[in-house]
Structure formats: C-alpha cells, structure tokens
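Two complexes follow with chain A in common, the first pairing it with chain B and the second with chain C.
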Partner chain A sequence: MPEQSNDYRVVVFGAGGVGKSSLVLRFVKGTFRDTYIPTVEDTYRQVISCDKSVCTLQITDTTGSHQFPAMQRLSISKGHAFILVYSITSRQSLEELKPIYQQVLAIKGSTESIPIMLVGNKSDEMAQREVETKEGEAQATAWKCAFMETSAKTNSNVKELFQELLALEKKRDMSLSIDGKRSGKQKRADKLKGKCSVM
Partner chain B sequence: MQDTLQYASSFLDFIQMAQNFDDCRRKWLMAEQELGSCKETLTKTETERGALEVKLKHARNQVDVEIRRRQKAEADCEKLDRQIQLIRDLLTSEASTNSIQLSAEQRSALAFLNTNSQGAANLNTSRRLTTIDESASILSDISYDKTDDSIVSTSPFQHVVIKPESCVPCGKRIKFGKISLKCRDCRVVSHPECRERCPLPCIPNLGGTPVKIGEGVLADYVPEMSPMIPPLVVHCISEIEQRGLHEAGLYRLSGADRTVKELKEKFLRSKTVPVLSKVDDIHAITGLLKDFLRNLKEPLLTFRLNRPFMDAAEVSDDDNSIALIYQTIGDLPQPNRDTLAFLVLHLQRVADSLDTKMDISNLARVFGPTIVGHALPNPDPMTILQDTKRQPKVVERLLSLPVDYWRQFVMAENEQANLDHLIIENANCYATPERSTDSLNFVSLCSVCVTVGTLVDISS
Partner chain C sequence: NRGGRIGGEQQESLLSDWLLTSLVRRATLRESDLAPKYEKVHNFKVHTFRGPHWCEYCANFMWGLIAQGVKCADCGLNVHKQCSKVVPNDCQPDLRHVKKVYSCDLTTLVKAHNTKRPMVVDMCIQEIEARGLQSEGLYRISGFSELIEDVKLAFDRDGEKADISSNAYEDINIITGALKLYFRELPIPLITYDAYPRFIETGKITDPEKRLESLHEALKLLPPAHCETLRYLMAHLKRVTQYEKENLMSSENLGIVFGPTLMRAPELDAMTALNDIRYQRLVVETLITNEDVLF
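Let's look at the complex of A and B:
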C-alpha cells in the first residue's frame, strides 16, 4: 500500500489535547509552546539517514477530534509507521486509541510488520496521572507494539521515541521502500541535517 | 228686553260650559279605563318576566353543569392520554434496555398507540377550540359573567408517575408524592425550585423520530414552528452552559464513544428527555452535539451552499467577505439558519470564556468539518483534504458576526411562537421564567404544569 518513494511516513494519532503537535514540534523544531491550538492536519518533513542513505521522514500530525473517518483511513493507508499518543492524565485518551488501533489493523491487515509506538505523553504531570505506566505497558503488550512515556514539555524521551520507532522498522521489515532506495542511492550520511540518525 | 237677551246668552254660555265639563269627565273616564288595562298588561308581563327568569336560571344552571361535565371529560381524556403515553414511553424505553422484549409483531400491533394518540391530541385541541368559541358567544349574549367561565382551565393535569423520574436541570431523583413539574411540550421534568434552569427555548419533543440515526437531514429533527431547532441541540447547549463554560478544551476534547452513542440513541428514540445533568463527563455532551451535527445526512450549512460559503469566507476584502456571508446565510433553509444562529450564539459565549482556552479560531478548527462539511455526500480524499483546510475560515467568519444579528433569528420568532403556543396549548402556564443570567434573555416558551406524583398500582 505505501507508495514507492523516498518518503518514510509516520502518522501521529491520538485524542484531542494529548500533545501530538507538541511531541512533533519538540522533535522537529526542538521547541515547546504553551499555547492551545487544535490541529487540523499538519505535515513536517525531516531528512534522516538510514544506513548511509538519505530519506525524508514525513511526520503527519493529525487532528485529535477523529471527525473524518475518510481522512483517517487515508492517513493510515499512506502511513508506514504509527505513533499512538495518549495522555497519562486522561484514561479516556487511552480508550480513544482503541478504535484507531483497530482501524490500523483493519487497513494494514496485520500489524506485525508495521512499526507502532504506544506513547503516554505528559509524563511530567505526575500529580494528575490517571494511567499508570504498567497499564500502558500492558496495552502495548496486547497490541504487540512498543511503549514509552514521554514529555514534550520537559523534552523527555522525545528523541528516543522517534529513534525507537525507526529502529522497529529496521528490525521487523526490511523490504520497505526505504531499504530499496537506500541501496540504490548510497548517499553520504554527513550531508544530512536530520536530528534522528539510526544505526 | 236687554235683560232677556243677556239672560239668554249667559244661559247658552252655561250650557256650553256644562257640555265642556261633560266632555272632560268622559275623557277622564276613558283615561282611567286605559290606565286599568295598562296595569293589567303590566302585571301580566311581570309574571311573564318572572317565568322567563326562572327559565333563564335553569338554563344557566344547565350551562354550569355542562361546563363542569366537559371539564371532567377533558380531564379524564387528558389523564387517559397521559397514561397511554406513559405506557408507550415505558414500552419503548424498556424495550431498548431489553427488560421487556417486544417482538416485531407486537411492535406493529402497538404502533397504533403512536398514531392514535397523536391524532387524538390534534382532534382534541381543534374540537376544544371550537367549543370554546361557541360557549363564549352564547355567554356574551346573555351577559354572563366571563370571569366565572372555564375558558382558562385551572385544574392541573395529573401526572401519574409509574417509574421514577429525575429532574432534568439538577439530575436528582424526584421522590414519590413530591410535587414535580413537567412541561407539556418539551417533556422536561423538574423540581419546582429548578424550574428556572430548564433548557430554553422549549422545543416540543417530537419523540421517536422515524428517521434512522445518521440518515436524517436537519429538517427531520426540528419542530414545525419557530425557532426550528432540534431539541437535542437545545438540551446539550443548555446543559453545557449550565456547567459554567470553565472546562479547558471544551469541544476539543472528546468523551467516551459509548456514552455518546447511548445518549444519542436515547434522545432520538424515546420520548423522554435524557437527564444530561447526570452525565459526569462534559466532553460526552459536547461529543453528542458534535456527533449529531456531523452525522446529519446533509451538513448544517447544506451541500448547496457549501461552495458559496467557502468562496465568501476567502474573499480577501473583509467587508465584501462579510457581506457575502450575510447573503449566503440568508439563503439557508429556516431550520438550518435557526440552528446555526443558536449554535453560533453559544460558541461565541464559549469563546468569551477564557477558561475554555477555546477562542474563535480554535472553535473554528473544531467545528469546520462538523458544520461546513463538503459539497457532496461522499467526497474523495483529495476533496476532503482541500475542504478541511478551507472549512475553519467559514466558521471563523460566522463566529465573528455580531451577536444581535444572530439573536434576531432566535428571538423575534421566538416571541411570536410563544404567543401561538399560549393560545393553543397552554392553559396552565404559571410562570414564564425569564433567564436573567443568560445574555440571550429568551422569553420562556416553557409551559410548566404542576403535577403531583402519585403512585399507581398498575395491576389493578
């Protein structure tokens, strides 16, 4: 399903206000804004190195109010990897990931070969915690995906999150377009400005 | 000689005088006779009048009796109607929770309940109006004291409680034997002290909408008279405003899917009003409102006007853009326009409340897809993507129009409807609570009737 291109598309899903945009902006721009603006849909591009090769990491920041099932389906079918974000301060936000996961499963057929990260964001807001780390881990085990708690605000685990996501791709599916292109191009890694470099 | 002459003339004079006297006496006599006969006729007519008065008294008594009988019959009819309604409510609502299973045949057999009572209600109002007319004219003919009349029936209808109900504004149970209020039209039940907080405007609850969820257009959910706003929209907005608009991320965050689905089902299926004040999570209520608007067969701004709205919003000159927007709003069908006005007024208040962190541009992002939608029922992904970027601008423009402009759609027609409503339906309107805290200042449409909850033994 994913297009044969040099792009590697990561789609970020999650309920409204869990910090999807904050995570992405922290990763892409290294900043954190304390403003409160819902996202319609934004896409960020970042050049990364993949095994001595170049490819564009395209991160799609989706809207939290899962209003448009058609758009969600489109994002899923075009995406290579997925970050499912909830807020540790809201059990409801974890609940809302379930239909999204089911949707991914339905469109991709199987999630075995698809890198998926379950992310509990806002780990700095310990006082308001509603979802324990264990519960997040348990959910990740059930979904056979990786798990991490992050904080876009304090820049905790953000870079690691993307690193691990890309690492999952290496581990599980070597036949994806990135690999093919990489072998053909063989570009120098030192040209790259990407923050995320994967070994 | 002269003497004799004088004598003769005086004699003649005397005779003349005597004759005059006689004439006079005769006239007198005649007058006296006339007087006698007149007196006779007078007494005759007086006795006649007496007889007629007795008859009149009888007639009045009879009218009184008839009026009382009619009142009683009407009260009985109403009571029976209400019982039928309650039974229907019970059957339909219980059926959905599976405690009473109704087979399809049973349902169709029971379908007459629905149609019958509706028809009966219509019949009732029309018949009643004509009788009132007649009686009024008769009564005025015989100068009957109108204040005694029963045009305004003051007997409160009995609201028979066969299952526990909750107060819509406060969410607490109404105990048996306590006085409760129930609106005839919107079916809102409340404690007397919570009356002021009932959702306004009062929109007659259509109950059991025959459209499947997600298959109706807005017009299928609105009442026939102004303001044409679906009851669901009024109840959600009223409940949300009642909680004070302090929640950060109002309309951005979403509530539990299941709760939203259940509430929607309850709202559109059963005739009773779900008690939203019992729903803990405010985001489930905002979710319900958004879900309802989003899943209409046609978006609130209609397919036809989708492009005109988007084009108008993107005109670079602000004045021209706003003028075009006004024009396009004018083209909306009335249900859409009224509902939009009600929603925008609410969203403007949400934006004004800083606690929500939802300013106009944030709300526009959330409501763009919800109310603007697309120009086609099933747009392709590219169109969706393009439209999604354009929708918020439209909502932003709508939200920046002045409050007074929007208010006219909800207000002016509101008052008119109010009058109609009072004449036709509302005999028991004790109060029209003015919503002073609300910047809208609706004249209340809520006709609240005193009802006393009484426990009824169904088995008997």
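Let's look at the complex of A and C:
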C-alpha cells in the first residue's frame, strides 16, 4: 500500500451509463439528477470516522465510456477499496466488469484483504431487468466479494453500500458517522440494518 | 527468357492476363487521380541487402556487406542513407508492406488503400447512420470488449471487405466502440501531437468569435488526410446531436467522450493530461457545433 495518508480511497468502476456518478452523488450530496452527462473523472470527499479519529473518504468516480488503461491502472494502484457497478437492466454491463476485476486482481496481487463490492444498480427498473439477483450473487461468490442491489434514483441501499464497504476493511476501523455528528437519518438506517457503528 | 519456352495456349492466356492487369492498372490509376494526393514522408529503416543493390535515387552501387542502405517500410524504396535525406516526400505505401489497419499511421493507410479517409471511419459511420442514430447513449455506452476486438481483427484481416453489418454485430455500441478504438490506437492521434498545443490554446480562449478564428488557424496545422477525416467525423457527430432527444448525446457529451479519443498530450505527464481534458472537451464540442463554418 502507498504512503501512510489519512485518506481512504474508494474507486468506482463500471460500464458507461450504469449510474456510477448517480450513486456517488446520491451518497455524497443526497440528490439525484436526471441528467445525462458522461464523466471523465471526478473525486468527492467525505469526512468519516476511522480508528477513533477523523479521516477523509475519497471517492473517485471513473469514466465508463472509454477505457484509458493508464488512468485505470493509476486509480487501481492508488485505491484502497473498489465498487464495481453494473446495471440490472444490462447484462453487458456486468460482462464488462470482468476485465476490470481481472485488472484489480493483477495490480493488487490478491483481492483477499481488499474490500470490493459488486453492485447491481437501477433496482427500481424492475420491468427492464436483464440480470437476476441470483446471477449477481453468483458472480460475487465467484469473485469472493460482497454484493448488493441499489437504486440511486429511489435512494435504496446507497448508504448501506458504503457502510458495508467500509465494514469490509479489516485493517482500519471505519464508519460513516463522526462522533456526535450523527444525523437522524443515519441512526434510522443503522437501526434498520441492526448494525452498530463504532462509537 | 521464360517467354521463349511456353506454348501457344499458354501464351494466349498470358496475353489475356497481361491485358487484364493493364486494364486494372489503368482503372486504379484513374481512381488515384480522383483520390486526393496526400504528401507522405518515407519511413526509412536501416536495411541489410542480400546480393548487389543499387540506390533507387542516385542509381549508384550500395557498398558494404551489412547495412548498405535504408529501405522504406511503407513503400519498399531502397536508397543510400545519405540519399534518404534528399528523397522527396512522395512515398506511395504498398499493401504488400502495410499489413494492418488499426495502429497504422493514418496517412500511410489512406495512401496504401487509395481512399480519401480510413475505411474504418467511413464504414463505421455509414453503419451507425443507417441503424444507430436514435440509440440511447450512442458513443457513451460501450459494447462487449471481445466483440470490439473482433471488429478490429476483421478490419486488419479483410480491410474494406470487413463485415460489420447488423447480421455480424447486432449491437451498435460495438461499432461505435470499434471506431473509438481506431482513433485511440492511431500512432499519431487525429489531432496530431504537433498541432496539439495550438488546439489546447484555442480551448482556453473565452471569446467565442476569437476561439473559432484560432481554431480555424489550428486546423491548418493538420496533415490533409487528418483534416479531411476530422471534417467527416465532425459532420457525422453533428448529425448525431440532431437526434439528441432520442440518443441523449449533446455536443457537450460527445465532447467529453471524444475529447481524449481524438487528442493526446505529446508528453505523458498525468497531471497536465488530466488538466487538459477540460479543454479537449471544449475543443471537440466547438468543432462539432461549428463544423459547417470551420471546414
């Protein structure tokens, strides 16, 4: 792992138009835009709690429309955790994650101690579903990573996604909330999941 | 002489062969009269010739046992190393030497195939305009990478005979992916390394009128074959934006997707490259919206 910095870097990968930016924006800003603008690369910051102090969660939203091997390699080598997003309305978008997963594996050596989440986004568009939940789960099992279906549009499972991801990190003790600054919404989400963050 | 040993029948067939080839040659000649004459420098590489060879420029003997002279990798011209510096830029690439389509220099490719533009560009654009203009996220959504690789192999193998119809590749995003890959793999990008700084400068100009003017000047720095291909592509992308309601691809979106595909910074400094992306987007966006006045 690179320099001992206080940042925790999460990188979001996925094919074009699956909703990477929507997921990140929903999590960081709590909003959903119905606009259609491809991303080049954006980085968002969020303060979280880590090992009983604060640290910055740095989320890199990558491009899906055109692969730049060099930029992709850089994001992977710098990233601590990865979110691999596909759209449940497109089988192809799941297929496209395969080379990305292979590259993470190749650069990191092993994915054992690296938090990775496979995410099926657009779970609100049930009518257009092409990838069954079971198939997503099977892929996650094959990759030995966690799995979740989300919808950035209806705000379903978005916060949970990031929580789970941080919980997968065994080297540090992290949670989304900072001491004393918990929002009511956050508490409710915790209760719903029956999980307790470190306080 | 072989001619003396062959019978009448064979002679006749040889004669008809000769007639045919001369007809074909005349036809291709006429075609090449139509195709624009792009100037191209030779691609000389040091070469060891077997047996005696004479320089095809000065006609003198090429002395030595190894590395007697240089050979153009694109057209096969053999000359002295000294002569290679004064040979005019009249390289006419030969298909025998130019084997690939992807990752082949753009001017070399069009000269070798005697076309105005790379056939990949023409064929992909025709295919997309025939069946994909209304497809959501055109050029944004990517196709299966293996199938895109497949299209690339088909072009490398079959050239203009490659089959990219809907029977072969049903998903239009494979065709757009193959076209974007072609531009990304060019050894010299469509907007050349030499012209790159000038194009980026134009992106930094805020006054729209002045930006257009300077962009017009920058276009003159491109080799003719590059400029012609860019013109054709921009006219196509303009047509894509006319279906924005259906495909959701505005000129801004296409600028984001095509910016880094058509322009590459000459030196690979990650920070400047990342900084430039904003201007690349602006340049391509301006090129699309103003293609009618710029070219």
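In the analysis below, the second predicted complex is superposed on the first by the 168 of 199 C-alpha atoms of A that agree within 3 Å, B and C clash if a C-alpha of one lies under 4 Å from a C-alpha of the other, contacts with A are read in each partner's own complex, and residues count from 1 in each chain.
We take it that a contact is a pair of C-beta atoms (placed from the backbone, for glycine too) under 8 Å apart; a residue touches a chain by one contact, two chains touch by 3 or more.
All of these numbers come straight from a predicted model, not from anything done at the bench.
In this overlay on chain A, chain B clashes with chain C. When the two structures are aligned on the shared chain, A:Thr154 is found in touch with neither chain B nor chain C. Shared-chain residue A:Thr31: touches no atom of chain B or chain C.
Judged by the touch definition given at the top, the superposed model places A:Thr43 against neither chain B nor chain C.
Looking at the shared chain after the overlay, A:Leu74 reaches both chain B and chain C. When the two structures are aligned on the shared chain, A:Gly16 is found in touch with chain B and with chain C.
Touch criterion not met for A:Thr141: it reaches neither chain B nor chain C.
Comparing the listed stretches 5-13, 95-103, 131-139 or 401-409 of chain B against chain C after superposition, the clashing one is 401-409.
Overlap of the chain B and chain C interfaces on chain A comprises residues 15-17, 36-41, 64-68, 70-71, 74, 92, 95-96, 99. Those residues of chain B whose C-beta lies close enough to touch chain A in the complex are 248-249, 252-257, 281, 283, 290, 294, 357-358, 361-362, 365-366, 368-370, 379, 381, 384-385, 388-389, 392.
Put simply, chain C touches chain A in their complex at residues 136-137, 139-145, 171, 180, 184, 248, 252-253, 256-257, 259-261, 268, 270, 274, 277, 281. Residue ranges of chain A in contact with chain B, taken from their complex: 15-17, 36-41, 63-68, 70-71, 74, 90, 92, 95-96, 99. The touching residues of chain A, when paired with chain C in their complex, are 15-17, 36-41, 64-68, 70-71, 74, 92, 95-96, 99.
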